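The two complexes that follow have chain A in common; it is paired with chain B in the first and with chain C in the second.
This part shows the complex of A and B:
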């Protein structure tokens, strides 16, 4: 049963397994452990990032190509829900239409970009995706009649998912069973299902071919696999998963704008999480997202502490300023590409093999 | 590098691509099999939009603006394309040097208020030239460190190169924020460079003419070095077949470090020009210009200097024409242009045989 669920891809390390189960349990019972609004928001953000980062890992870690347009698909998903909900009014049909339209658009765009660039060289893909993503972001903020421009769109969700909805009058284990809770569990189970689906994909024969292409493109072609077809399929799949992640974000926030889903900062965050968590291990996405989203607030507090103690030395204080936390993450990123390219998960797995 | 089996006799000429191996001939002179079609693209584009714009004087203004923008982009892109051609390294962190050059220029020009506020163009030049030189020196020096610590450990691995240089870009941008602050800084043009010159009915901004001249000087010097010096010969040979140059006893690594430093310095120079063109600088400008440069390199063909010039001019013209005709589609028009070029020549107009 468990073997089938995890597609025979076990954590293969005791620490890793404990951390993963811990993360799963923490996310599953988050509303009951920390009933605050902020804690629930952080948990929901982790869920969205798990899907987004894992889908990026499908492309970067398993196929070995770097896309900078991943947030474009993320944004398409979020805008799909946002625009449909604004135009059609809140309700399940709006969500379904928005998601379907977003998936279709992502499919076409990913196919086009893949066909144009992957035909030539994998490095073209990185450059073209960077350019296309930048153009898309400009377009999204300029088509203000449709997308709300820089201000973005605020919209309502179906009755069941809105905070005002009460399932029962009596609190269950001290928590009100309201629409927020239902929405959180909708996200939780969607994320879990998508993560298991991605595990299934990377451990299928198709996933093996992708890894073969990553290791040696030439040899994979020689054995008889159409490298272009596999790479394009992989980039489409990854785009579709990212679109769903975007839809999840929009459903949770009930707001979407260029900065929340399209910005290049999110792209860099995703890149950092995948590399630090571990490329080519879907689990790395889960652990990386959890650590990163928590660190996003925690590390900044730590830096503020350091900045205050170093106030005697202005330059050190400037380096430690909480606004500069991306500097330290960037350093960590470069170091991890050099010294442990398989990230935290790869490290843990290697430890067991040595022991 | 996967050309090892092509052999030195073939010069790495790809059997399928008809335009392969044209880089050297196009730089070296007008030979028999000179590929002229891409050259015709720039005037073709300029003439094609003339009926849409209608007024001739507006067209002249826009064309000069486009050429100026294109020349600035070319100055930035030339270093990147040489680095790629020679060592197969795609530097996603190239944008850092652009921003660095521009920020250094704000400091230098800010401290030379006497010269920049003068009406005389020559006194202005006395301020702008040192700013450009200091920016190039700083960008070159940082480029040296960047090559040593960021790029050198990951030669031959594209995936890691993209990741590492992107990481270098994040770090560089944050360090610029630490030194100059995260906000936008104005970089006003010196007094004598403001204003316009009238060419018939067409008003042409003085600075744009200066930018075109500086760009032409850079292109001329690059062309001269590449075609008339031994170093240029080695660089061109290295672009064609690196192993062969190495086996002839030349230390291609040293050559490459030199090219990388010069490329970074050129990006710094381009940053100064871009900053003066926009009249303000922000730490994120490197990433923004990077997008344009990648479009240029894809259009021109990775590794080709002439291709980079054509791509840069096309992108500059396109941006200005669409900025006038359909302002909302400005960046998208460049993507469309890139797609059209890729349909025609999938490796860019002057493809290297790699």
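This part shows the complex of A and C:
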């Protein structure tokens, strides 16, 4: 049963398994462990990133394709929900329509990008995706009639997912069963299902061909696989998963703008997470997202604390100023790449092999 | 039945003609040895047949069908199988995964076009059984879970040939299959080729420097020299011909017993290639 669910791809390391189960349980019971608004926001962001990063891992870690257009698909998903909810009014039909339209657009764009540019050398492909992503970002800001331009769109969700909705008058385990909670669990189960689906895909016969292409494209073609077809399929799948991640984000935030879902900064975050977590493992996406989003969200608080206690030493205080969080995050990244070049997951798995 | 033929097959690299108007047909049930000094164009000839290089002129046909418009993978699916002179594997996958990928690429494997996304790789028992069979034949069964990158050179060479065996091709092209193998490893591969020869439907092309091997296995020898086909015929006849005696075989024969697969030749500096460790 578990073997089926995990597609016979177990964590293969005890610490890794414990961390993963811990993360799963923490996310599953988050609203009951830390009932605060911020904690729930952080948890929801982790859920969105798990899907987004895993979908990028499918592309980078499994197929060896370096694309910078990944946030474009993320943005398409978020805009799909945002635009449909604004135009059609809040409700499930708007969500369904927005998601369907976004998936269709992502499919077509990924297909086009794949067919036109996966034949060229890897470096040119990466540059093309960069250009396409930049063009799309500009387009989204320009079309303010539809997308709300730089300001973005604020919209409402169906009744059950709104904060105002109460499932029962009496709190359960000290927590109000409101629309936010329902929305959180919608995200939780969606993320879990999508993660398991991606785990299945990378462990299918198709997934092994992707790895073969990553390892040696020349030989994969020589034993009879049509490399372009596999690569294009991988790009499309990855784009579709990213689109759903975008939709999840919009549903949670009830807002979407260029900075929330299309910015290049998100692309960088995704790259960092995939490298920190461990490329080509899928589990790395989960661990990396957890570590990264928590660090990103609480590093500033931690620094403020440190800065205040170190107020006697002006230079240390300045170094620990919350504005320096990016510096510390960068340092964290450099250290982790230096000490865990294969990512957290790769490192843990290697440990077991030596033991 | 497959009949592989090349007509006026030519490729130029700048001004250098690496393969020069080679016309030749290969019959099923025959093993043709292709010999010639380093740089004669043997590997390039294979590259033209299997599609890695596009011919400047001439054609490759299989059963009378012109393969000019065929991609590499299409040619493989049409029945042209090839093992490479330079080991060419999937390094960070296991030995079993390497072979299974080749098994899966066949018609029998069923996943050739099948973008089979939703089944679990390890559930395909039939494909694994077939892969195990092939691994046993090349004496690699005990290493099936090792990463290819960690294998010694000789084992990688064996796996290289095993990948070709898994493909169930009509035409088998071996490019110095035993080069760099030790005395224990080479016979494993030669036995595989002997076994393959028993099948009257298979067409086998073998590039080989070791003349004792060629003498034993070949039904026919063709000689390439500076990209041109200079001799073609029964082994005894070709080996005895003056052009071969002086241009190539005289020296090669002396070296035939040496373990090294690439003996030196007069006027041609022994060209060591990447990955060809002694």
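As a working rule, the second predicted complex is superposed on the first by the 311 of 355 C-alpha atoms of A that agree within 3 Å, B and C clash if a C-alpha of one lies under 4 Å from a C-alpha of the other, contacts with A are read in each partner's own complex, and residues count from 1 in each chain.
In this text, a contact is a pair of C-beta atoms (placed from the backbone, for glycine too) under 8 Å apart; a residue touches a chain by one contact, two chains touch by 3 or more.
What you are looking at is a predicted structure, and each value in this text was computed from that prediction instead of being measured.
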Next item on the list: Scan A:333 for contacts with chain B and chain C and give back first, second, both or neither.
Entry: first
Note to self: For A:201, using the defined touch cut-off, is the partner it touches chain B, chain C, both, or neither? Pick first, second, both or neither.
What the structure shows: second
Check: Which of the two partners, first being chain B and second being chain C, lies in contact with A:218: first, second, both, or neither?
Finding: both
Next item on the list: For A:259, decide between first (touching chain B), second (touching chain C), both and neither.
Entry: neither
Margin query: If we overlay the two complexes on their shared chain A, which of chain B and chain C does A:124 touch? Say first, second, both or neither.
Written below: first
Notebook entry, point to check: Looking at the overlay, what does A:308 touch: chain B (first), chain C (second), both, or neither?
Noted result: neither
Note to self: Let me test your reading of the model: by the given contact rule, A:151 touches which partner, first (chain B), second (chain C), both or neither?
What the structure shows: neither
Next item on the list: Please work out whether A:139 is in contact with chain B alone, chain C alone, both, or neither, and reply first, second, both or neither.
Entry: first
Next item on the list: Please name the chain, chain B or chain C, that touches the greater number of residues in chain A.
Entry: B
Check: Where on chain A do chain B and chain C both make contact?
Finding: 218
Checklist line | chain A - residues contacting chain B, complex | finding: 60, 64-66, 116-117, 119-120, 122-124, 126-128, 130-132, 134-135, 138-139, 142-143, 218, 264, 268, 271, 275, 315, 318-319, 321, 323-324, 326-327, 329-331, 333-334, 337-338, 341
Checklist line | Complex contacts: residues of chain C adjacent to chain A | finding: 50, 52, 71-73, 76-77, 82, 84, 88-93, 97, 100-102, 104-106, 111-124, 163, 167
Checklist line | Residues on chain A engaged by chain C in the complex (per definition of touch) | finding: 4, 7-8, 200-201, 203-209, 211-212, 215-216, 218-227, 229-230, 233, 237
Check: Hey, which residues of chain B end up touching chain A in the complex?
Finding: 2, 90, 92, 150, 153-154, 158-160, 162-164, 166-168, 170-171, 174-175, 177-178, 182, 287-288, 290-291, 294-295, 297-298, 302, 328, 330-332, 334-335, 338-339, 342, 346-347
